[in-house]
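In the two complexes below, subunit A is the common chain; its partner is subunit B in one and subunit C in the other.
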Partner chain A sequence: MSDKHLIELFDVSKEYDGDAALKNIDLYVNHGEFLTLLGPSGCGKTTMLRIIAGFVMPSSGRVLMEGRDVAHIPPYKRKVNTVFQKYALFPHLNVFDNVAFGLKIKKLPKAEIERRVNTLLELVNLKGYGKRWVEQLSGGQQQRVAIARALVNEPEVLLLDEPLGALDLQLRKGMQVELKRMQQRLGITFIYVTHDQEEALTMSDTIVVLREGVIQQIGAPQDIYNEPRNAFVADFIGESNILPGMMACDYRVRFNGREYPCVDAGFGEEQPVEVVVRPEDVDILPLAQVGGNGMRGVVKSTLFMGVHYEIQVVSDGYTWMVHTTDAVDVGWQVGMQILPDAIHIMRPRP
Partner chain B sequence: MVKRVRNFFKGTYLGLMLLFLYAPIAVLIVYSFNASKTMGNWTGFSLIWYRALFGDAMIMRALGVTLSVAALSAVIATIMGTFAAIGMHSMKKGTRLVIENISQLPVVNPDLVTGISLMMIFAFIGLKDGYTRLLLAHITFNIPYVIFSVAPKLRQSSNELYEAALDLGCTPLEALIKVVIPDIMPGIVSGFILAFTLSLDDFVVSYFSTQGVENLSIYIYSMARRGINPKINALSTLMFVAVVTLLLIVNIKSIREERAADTQRRKVAKKTA
Partner chain C sequence: MKRTVFAAPYAVWMAIFIFAPMLLIGYYAFTDGGDFTLANMRAGLDAMYMQVLIRSIWLAFRATLLCLLLGYPIAYLLSRMKHGTATLLSVFFVVPMWMNFLLRTYAWQVLLDSGGILNSLLISLNMPGQQLLYTEAAVLLGMVYNFLPFMILPVYTVLTKMDASHIEAARDLGANGMQTFFRVVLPLSMPGVISGVTMVFIPAITTFAISRLLGGGMFMLYGDLMENQFLLLNDWGSGSALSFILLILVIISMAVMRRAERQAGEEGAKLW
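Then we have the complex of A and B:
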């Protein structure tokens, strides 16, 4: 590994009373990267964040920051700051003193503290809120104070533990954009924990998908979405049709009683595989356009979602999840088409 | 009609209850202003017993002992109890429950038992000084009450606050002083006032544990054995007023806090709605 990695985890495991929370994690984080730890609750993402912050010691393995082992460096000596899930603002201090807390601990000159705190309050759109008590602020405002309190220390890495989890949808969307903008402007590395796949896809440079303490896939949002490495990732990142299949030969795959051309090769001949097709990649055709042995099915349900319809089509015993802009009705016979590059082949789960 | 009857009984019942509770004290307070020395014989309003009280060097010395023991023992018990509560809070659940329960046992222990056991242990270790004995005894019975009022505040306080302080560069001790203790301060203050009050009006434990030194309650007891002196009425009135004032402060404080928390909750609810 080159020394340009800001944080590296080597074979990190963590057990709580015999229950493994993290298993043999290898991961590196680059300077200036927006990295998201994504997974369902209990997948170990928060544990990983707490290990990097220094609140939790790994049971085994090594954590390096800028090439130095941090095993014996307590949280208060790490160049890392955290935005906590429930903000953890100090209720006995006003907004200014909350943000100034870290700088006062470092005993910086008063004028500098004032300058830096005010700059940060401006950055998070809370100029003039310094004298308010944190209890008087709304959830979104408290969130911003928490971010300002962490960022004012100019950390190498900002850790965010589901920071938008308590906000309503509209506010959350706004904060996502704002956070991303802040990160790009300040050039600070963000490590972001969330269970919201949409949030992960919008904000991240790199996504790490975790499940039961094991990394499932690391990659850019596009890669994770378009080329999920296994059925769990495919299922967790957006909706998917996942079917068992057989690789006939290179570029030919059989599933649900048909053979399809595909773009994948190297799985061998007559090998069992799992096939993933995104719902928006299934095209609905009028029956007339389907050839003699084309795919056809019966519409089982439809759900209007605004831009598209979410429909279920039963074909040869399998219920396809399809997103389409065509209006169809329950009971209709429809034709279907799946193009070669819409079919993703994965090795089956062990 | 039924409602009126019900209300009448409700009022009467409450009135009777308060009468039973406060009649003796009311009588005592009234007679502390009596000009005559004999009880039950009202001869006119006067402050002579108060004057006599403050002129009595013995009583003033006893008052000094009571106040200084109350203040010292409350301060020391508050410090020790607060740190004990913080320590217990960070224990594992099983151990914590055991220790918590053990620490609350002295509260239900009869004062007489506490007093005699303290007397025995002081004799056993050869502690002669009466004032030190009194102080140690009061610290001992005060600590559980401080723990009792600090522990719930700790449970309300989030552990994330402590972690946030560490995250922002505090050592564990700094985090404790700058974040955790301010956050549980209301509990610490109530604990202190409770301890102070308990120490002020303790008789049984003091009586058995000390020797040679008299605080107010012991002095009054020995004075009463020689015959009731109206000075005692004046003194008791003052003590009653002092204790009631302190309790009022504690209660009003907690009511205010609850109300503030209520409005806060309502505000938040309104915002999210």
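Then we have the complex of A and C:
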């Protein structure tokens, strides 16, 4: 337990009427970190956020902020602010008063409130919108007001609950960049909830992958993508070919009727495993380059994706998903190659 | 066949029971049995009648205020209860409304009478009996009792429909319970409050039976006055003039409420 951790969760569980929403969560969040809670709906990510915000009490376990137990500290006394999923802007107040809400509660001098609100409105590119009513704003603008309303209180931590979920794709991309820039500029810790793996990969310093209330993996985006700890993570983060396999011995794995060299060890001999190969790690070769016992297949479908083609190749009864820049046609015979470090070995799912 | 055809029976109903009586009121108010005259209106604006009108407004105002002060907390508590409990409790407020208005008011007469239940109770406790019936307070009590559900229901509806995330947002931004209530819950429930005030104030200002049954005719209200003109004095001219004045007053107060409602948000209009 080091004091540089801003938030720490120890063995936190939460049950709703006997159903476990979170199971034995251990997690710490550092100062200035952009941490993303990622998982499909119902995985407990929002519950975790609400526990940190103080809206939900954990059934067991401890939550520390700056080393102090916050079990009995209500939401309004925590140095945490939330950007809600549907913004939850106050419809009876205009933009200025929405943003000023927290400062007025703190009874700050009028001049200071005005200065800070205007600074924040400028930060979120809404200068001059103070007098507008919330319902006159577009979804993207409401989103910015919600962010300004939370940030104006200068929280230690900003909690964001799927904040971009209601925006269209283009706006979402823009806001992702903007949010990340804001976070870096202000140096505030962000805890960000999303089910969008791409969003998580682009923005985060650390990703926490959750499934059915259990943490699957914690790590930097690159680690999570390149070294998924289990098949669920591999499947959820990006697209994957997942095959059942058998570890012959260290550095040798057998799947789909062939034996391949790999870089993983320590699974024992003749142990069942799951093999994960990313679609972009399968190389397509002309038939001529494939040796006598090389991997071959027939192209089943191709889909042009802009930069690359997404093709399906049937080989020994398994349909591989492959991303390639080579143009091939349906029905072609092609050779395939997978390098040892592109083969990820995982213990099978229970 | 146009769909408007189906509205025809309603239009006929409105013509017979709403427009025709109003036209008749206008006719009697501005004629003396054939010729146009302003004499009825002049009589209707007589200082003595105005005094009754002001007393009626003042009493209706106090009844509305009491209904609000009682009804809002009740609606708030109901809205925070479990759904089943709240439904059960709201039945207690609604069931008396199924009984005839006059019967309910007669019941209070029995309760408040000098030989009634409340006084019997006081005397059995060796306390002096009180004159409860035929006081202004009794009239006010009757109004509040009769109109309270009309305040509770719209406020309750608005409060239960309120988005819980607004309350969470207020808590998140540092507001404690009181601050959350006064800065978020109360303003957001204004459409319900305005509906409730309208639903109470307008029947309260036109009421006549309550003041006669519980006030014993000692507190003549505008409704009683009109009734007397028509049924006691058989003076349809000045009775219609008084009706006309009250009608205008009601229209003005409805317009004021509508304005307030629009400012408080669109939701209120959908409540009734």
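Quick note on the criterion: the second predicted complex is superposed on the first by the 350 of 350 C-alpha atoms of A that agree within 3 Å, B and C clash if a C-alpha of one lies under 4 Å from a C-alpha of the other, contacts with A are read in each partner's own complex, and residues count from 1 in each chain.
Following the convention adopted for this analysis, a residue touches a chain if its C-beta (ideal position, glycine included) is under 8 Å from a C-beta of that chain, and two chains touch if they have at least 3 such contacts.
Everything quoted here is computed from the prediction, not taken from an experiment.
Novice: Between subunit B and subunit C, positioned on subunit A by superposition, is the outcome a clash or a fit?
Specialist: Clash: subunit B and subunit C overlap once superposed on subunit A.
Novice: Who does A:Trp332 touch here: subunit B (first), subunit C (second), both, or neither?
Specialist: neither
Novice: Is A:Tyr76 touching the first partner subunit B, the second partner subunit C, both, or neither of them?
Specialist: both
Novice: A:Ser138 in the overlay: touching subunit B, subunit C, both, or neither? Say first, second, both or neither.
Specialist: A:Ser138 contacts subunit B only, not subunit C.
Novice: Which partner does A:Phe10 reach: the first (subunit B), the second (subunit C), both, or neither?
Specialist: neither
Novice: Check the residue A:Phe84 against both partner chains and state whether it touches subunit B (first), subunit C (second), both, or neither.
Specialist: Both: A:Phe84 reaches subunit B and subunit C.
Novice: One more residue to check, A:Lys106. First (subunit B), second (subunit C), both or neither?
Specialist: So A:Lys106 meets both subunit B and subunit C here.
Novice: Same subunit A residues contacting subunit B and subunit C, which ones?
Specialist: Touching subunit B and subunit C on subunit A: residues 53, 55, 74-76, 80-82, 84-86, 88-92, 101-102, 105-106, 149-150, 153.
Novice: Which residues of subunit A touch subunit C in their complex?
Specialist: Answer in residue numbers: 53, 55, 74-77, 80-82, 84-86, 88-92, 101-102, 105-106, 149-150, 153.
Novice: Taking the touch rule as given, give the residues of subunit B at its contact with subunit A in the complex, in rising order.
Specialist: 158, 160-161, 163-171, 174, 178-179, 182-183, 185, 264, 271-272
Novice: Contact residues on subunit C for subunit A in the complex?
Specialist: Touching subunit A: residues 163, 165-166, 168-176, 179, 183-184, 187-188, 190, 264-265 of subunit C.
Novice: Where on subunit A does subunit B make contact in their complex?
Specialist: Result: residues 53-55, 74-76, 80-82, 84-86, 88-92, 101-102, 105-106, 135, 138-139, 149-150, 153, 168 of subunit A touch subunit B.
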